[in-house]
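Look for chain A in each of the two complexes below; its partner is chain B in the first and chain C in the second.
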Partner chain A sequence: MDTMMQALALVLNFETIVTILIACLFGLFVGAIPGLTATMATALLVPFTFYMDPIPAIATVIACTAMAITAGDIPSALLRIPGTPSSAAYTDEAYAMTKKGQGAQALGISIVASCIGGIVGFLVLAFIAPMLAKVALRFSSFEYFWLAILGLSCAALISSGGPIKGLLALFLGLAISTIGMDPLTGAPRFSFGSVELMGGLSFVPAMIGLFAIGELLRYQPGQENLVSNAKIRNPFSGVGKILRQYRVNLWRGSLFGTAVGALPGAGGDLGAWISYAMAKRFSRTPQKFGTGHPEGLVEAGASNNSALSSAWIPAMVFGIPGDAVTAIAVGILFMKGLNPGPQLFTQNPENFYAVMLIFLIANLLLIPFGWLAVRTANSIFRVSRAYLNGAIVIFCLVGAYAVNNSMFGVLVMGGFGLMAYVFHRANFPIAPVILGIVMGPLLEQNFLTSMIIARGDLTAFFSRPIAAGLGAVVILLWGLPLVLRLLRLLRPKAAA
Partner chain B sequence: MSLQDEDDLLPPPDVPSPPLLDVALGLAYAVGGAGLIVASGAFPAMVPGTIVGPGLMPMLCGAIFLIFGAVLSLTAFQRYRRDGNVTEGEVERGSLPFAIVLMGGLVAVVWLADYLGFVVVSFLYSLAVTLAGGARWIYAAILALSVTMLTYVLFSNLMRVPLPRGSLLAGLPF
Partner chain C sequence: MKAITLIATATLGLFAVSASAQDYPDRPITLIVPWGAGGGSDATARIVATLLEEKLGQPINVVNRAGGGSVIGHTEIANAKPDGYTLGNITTELSMFHWLGQSPVSYQDYTPIGLFNADFGGIFVAQNSPYESLQDLVDALREDASAIPAGGANQGGVNHLAYAALVAEAGGSQAFWVPSEGAAPALQLLTSGAIQAAIVQFPEARALMDAGEIRPLATLNNEREPSYPDVPTVAEASDVNVSISGWRGLAGPKDMPQEVVDSLSAALEEIVASDEYKEFMASRQFTIAFEGGDAFGTYLAERDTQFGDALKAAGLVAE
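The block that comes next holds the complex of A and B.
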């Protein structure tokens, strides 16, 4: 109880509340603009967190992401342009509702389902995470090594572009993380005598370059602003009745999204796609899907935000981020000295519960801010990208500079921006790169520690039961696609 | 559930990438990987008689780059021989003039910041990027000036970030 009161005091103060409100507005604005992603919004906010206390700093990320993901549904429903990748799963359905004159209702369903899904994810996080942390306290470097490998493997395998490109992108991030001092011996690596490289490449300029500069490089001047012709009325009118009608979808989406989000590397995008497909598969009226039917929208919308909350389970309990946004958040937690991991629950439990409360507040704020976003949607769409770009480059510049008060960060940001552009053209995923940079030191430290304990004997990685189990899952994860491919090759022959 | 059904649950695959770009990137990875393996061999081992030490992780990365870079190149080259280099879909390619302003401006900012100071270089940079995007110059100038000053006040005065003041304009208050 004492811990909860301390957590309440950390959250319910002027600085944190104002920070949450500003981050919500910012996330809502960026998420609603087609082409600007929730990850980019989070990346641009990081420089502002440098000088904040830890809880307001992490509050900016949580509030901004929750709002941006939900706001991404607005251009998706009104313009048929998904604001965020997770909105893409049900863009056609929502747009079909808009064409039927039910655009506001489609957005209302999405907002309320997101809110409920987010709260389910929050509840699971609040109850499961401390239990998992008790188990994680018994983990040694072997278990942490396999957990890190498991998270990174999921990120590489599920990412767009296929497993080879995912693997190469991930290992590029890991290779970049080896620049600078070795975590165990302090030996400088690949620094070429440069003092700046000796300290390693900071993840902040890298992240801004990958998600903001890379995005700007793909900008095509002269694109017309898009304005929807849909009449926007109260988005919540009639939503209660629809949600009652499709309550099974609502809870199934929330629970499934929570389960998928908790898997390291999976994230909300995949959850939304699978939930929409599941809604169609189990529907009594699958023929109505794609014609402006709210059933899939309820399930996928709930799945979206529940996955967002539960993605924090591996991040908070093990310090292993599941996606790009939680990778950024884990980076911020480390910067602020709030090292994520099981110790967070024993040494600073009030901080964990404060983060939980922020989740709850951010999800509840989806309703009023969502209403505001829908009502002002056409005004947001009218903001020209040309002017936005001018503001974004200044935020990028100052963010990359402020990490070490050096122009070196700006150069690093530019380099990563170019890399993101080339990777996008070649259909390489970007998120594994940032996961690799953030996770690299943790992975290397646990790997080297384990190798020193085992004196180079690799079988020691399977000598403890949990480590062996996790190792088997990793091997299965990489081996299964090969087995499935083999089965596909054999199937026609068997049929013949 | 059949294997085909499982495929239906996943997001649709992205547009195919140009095979020659994959060939080039795969080769770059393979060459970089070979270089990384050679370079990491110079680090001392922590456990005698093994490769456990500061060089192990870079060596592993190098090996992955070398093997999978080569695989990527070879498969992409096969695709190129089969289909030609015409498979790029609706990828947002951006605009070369805009990219030149964006990246050239960034390099200019790094060079000139110590001489002209943060306020001048970021105003000019923001103005150039906004104009390159097709904005009207008067609005672009107002936006660049206001965002620059806002950022300067926020970061320099409130957050105490020592933004470059510029040696050429040392007498000015920013």
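The block that comes next holds the complex of A and C.
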């Protein structure tokens, strides 16, 4: 109890609270602008943290990322331009709601589901972080391989154009991810002597191109009617009823996101995709998915933010960061003398609990700040779409350039924008492409590592208990529909 | 209010210096790190970048160009415009690329600015490993090295080299090395039981050591680490002897203007001597080392020969 009071004193003071509020506003701004990412927001904050006390320094990162990830849902729902790979999982759904005039509700759902998911992640982090981290440590390349396959399967199975088109789009994404150096031996592939290509195509410019530029190319002046439909009043009206209706999805998404988020390297991106697919598979009305149905939004939105909290588990317990944001955060922790490791829990528990409290506060702040952001976003519909598109292009250019500070990113963005346009025309889904690009390296690396360890013996993917379990789930996922269909074909014969 | 004032002063401070400084630098500098975010190279490069940013009054963007066992990032540093606006954190692997036939780049393709760190790795096993001491591992390697998968960063990296040297010294057959992108994935493989031994740097392994998940068998330093007095050296813990260190430094592409190199080298020397740097390095248990400008060039030439010899002994040199 004493440590809790000390932790409260560390957090509930003027400096920390003001820092959190400023970081929230900053995260909100960066997240809501298409083309600027949460990672970029965090990296920009680092220089400021040097002048702060340890707790406010960490608070800026936590508050900023929680806010930026959630704010990324705003352009995703209103303009069909997702801010992160994970919000790409449910962009089409949210946009379909906006088209039906329920944009406010879509945003309200993602904000409240994010908040609840984030708080579940916080509770897990606060109470069973060391235990969960121990489990995460038992995951080797064999288990990661199956997880990657599971995520990719989900993307293919749920995509809008049906599984065949989804699979093709996914394979294209995977093929694109093989451009660059072989992850283990360093042999250049498809680089044609260019150093830029040798480094591979990074996903941020590809994502901006596929979604933002593709959407802009698709825009025709006749589409103005969206404006009147999308009038946003109170984003939270009716949300409580929807969340009660889909409470199973809410808890499943939160818990699943937390579990996946705790695995270093796989985390949040996979979580939202698998959660959305689970929502569809277990839904009583799967045919409504893709037409502006809130069920998937609830589950994926919750999963998204809970994974964000639990990604800190391996980072804080074992110093193994899962993504760019936690890598930066681990750097700040070290710099401030809060070295990650089990001693963070035992030697300075008040610091640990202070960090936990910040998670809680940041997630609670999502509600008022989200409301503010949605109200502000309302005014973008009063701006002529022509001006709006112009501004989006500028931010996209900045975002694509800033990834590696090179014009190559801008070219990549342009190329993917054109590709997205062709895809729209041919009714192919684009979201699986981006997942393929993000997950490709994870899949390839873990496959190769496993094969090296097992000396090419494929049965090794079933030789470890967790891997075998995950493998069985994947086989069921693909095999069950086939078996069921086969049974249905056989049954009339058997009866006759 | 305090936070706002701090941020405001910090921002003003940056602008004030840049306005009054001489020509270089008059715009942001890019610092390429050839390894992924979160590893040791990333951490040291980021602290150097941050302190350098204060000294130079221009933002320094740290760009992680991981992959290909750091060949990509190193090549990119060497191919950058030598105007002082693209710098890089060059690492141990540079002493090996050309020996291994991975890439023609060598220390001669860079303008050395300064060495800022030199670290020794350690040999680690999982807590429940059957190898109680290094001697147990050495005996097992002597019997059949191909039955013991080991990891810790990329193929042909310093850790691989140290392991190959250990296997060669033990008189074992071919070393069984599982490459990975950096220490974190290798440690994950070790704790999950997919590999039997890992060679990584102590700071990278510390949190897992404290948690009782992994055990150090020996340090690759030729004397005991002051921070880990209980960990024996290879010679103390077994009947073989191996000692190899990694290094990290700041460099730019070849043919940078001398006055730029001088000002950067001087700034780096001040940084390495600063309390902030010492505190950070001590907190992560990185060992501080410094060689500036030409002395760093000589250091690199010596490393090149040492690693070439070691690689030849381990039978890794490409023909």
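Heads up, the rule we're going with is that the second predicted complex is superposed on the first by the 277 of 496 C-alpha atoms of A that agree within 3 Å, B and C clash if a C-alpha of one lies under 4 Å from a C-alpha of the other, contacts with A are read in each partner's own complex, and residues count from 1 in each chain.
Keep this in mind: contacts are C-beta pairs under 8 Å (C-beta built on N, C-alpha and C of every residue); 3 or more make two chains touch, one makes a residue touch a chain.
It should be emphasised that the depicted structure is a prediction, and the values quoted were computed from it without experimental measurement.
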Partner chain in contact with A:I453 - chain B first, chain C second, else both or neither: second
Partner chain in contact with A:W273 - chain B first, chain C second, else both or neither: first
Chain B versus chain C as contact partner of A:A106, first or second or both or neither: neither
Touching partner for A:T178 - first (chain B), second (chain C), both, neither: first
First, second, both or neither for A:P56, with chain B first and chain C second: second
Partner chain(s) touched by A:A88 [first = chain B, second = chain C, both, neither]: first
First, second, both or neither for A:L168, with chain B first and chain C second: first
First, second, both or neither for A:L125, with chain B first and chain C second: neither
Which superposed partner A:L484 touches (first chain B, second chain C, both, neither): first
Chain C-contacting residues of chain A that also contact chain B: 47, 50-51, 182, 184-185, 187, 405, 452
Chain C-touching residues of chain A, taken from the complex the two chains share: 14-15, 18-19, 22, 43, 46-48, 50-52, 56, 134, 137-143, 180-188, 195, 198-200, 264-265, 317-321, 324, 326-328, 330-331, 334-335, 337, 339-343, 404-405, 445, 449-450, 452-453, 464
Of all residues in chain A, those that touch chain B in their complex: 47, 50-51, 85, 88-89, 160-161, 164-165, 167-168, 171-172, 174-175, 178, 182, 184-185, 187, 189-190, 213, 216-222, 269-270, 273-274, 277-278, 384-387, 389-391, 393-395, 397-398, 401-402, 405, 407, 410-411, 413-414, 417-418, 421-422, 424-428, 440, 443-444, 447-448, 451-452, 455-456, 484, 487-488
Of all residues in chain B, those that touch chain A in their complex: 3, 8-11, 13-18, 21-22, 25, 29, 36, 39, 43-44, 46-47, 49-50, 52-54, 56-58, 61-62, 64-65, 68-69, 71-72, 75, 91-95, 97-99, 102-103, 105-107, 109-110, 113-114, 118, 122, 125-127, 129-130, 132-135, 139-140, 143-144, 147-148, 151, 155, 159-164
Contact set on chain C toward chain A in their complex: 1-4, 6-7, 9-10, 30, 36-38, 42-43, 46-47, 50, 53, 59, 61-65, 67-69, 71-72, 75-76, 79, 102-103, 149, 154-155, 178-181, 184-185, 187-189, 191-195, 204, 206-208, 210-211, 213, 280, 283-284
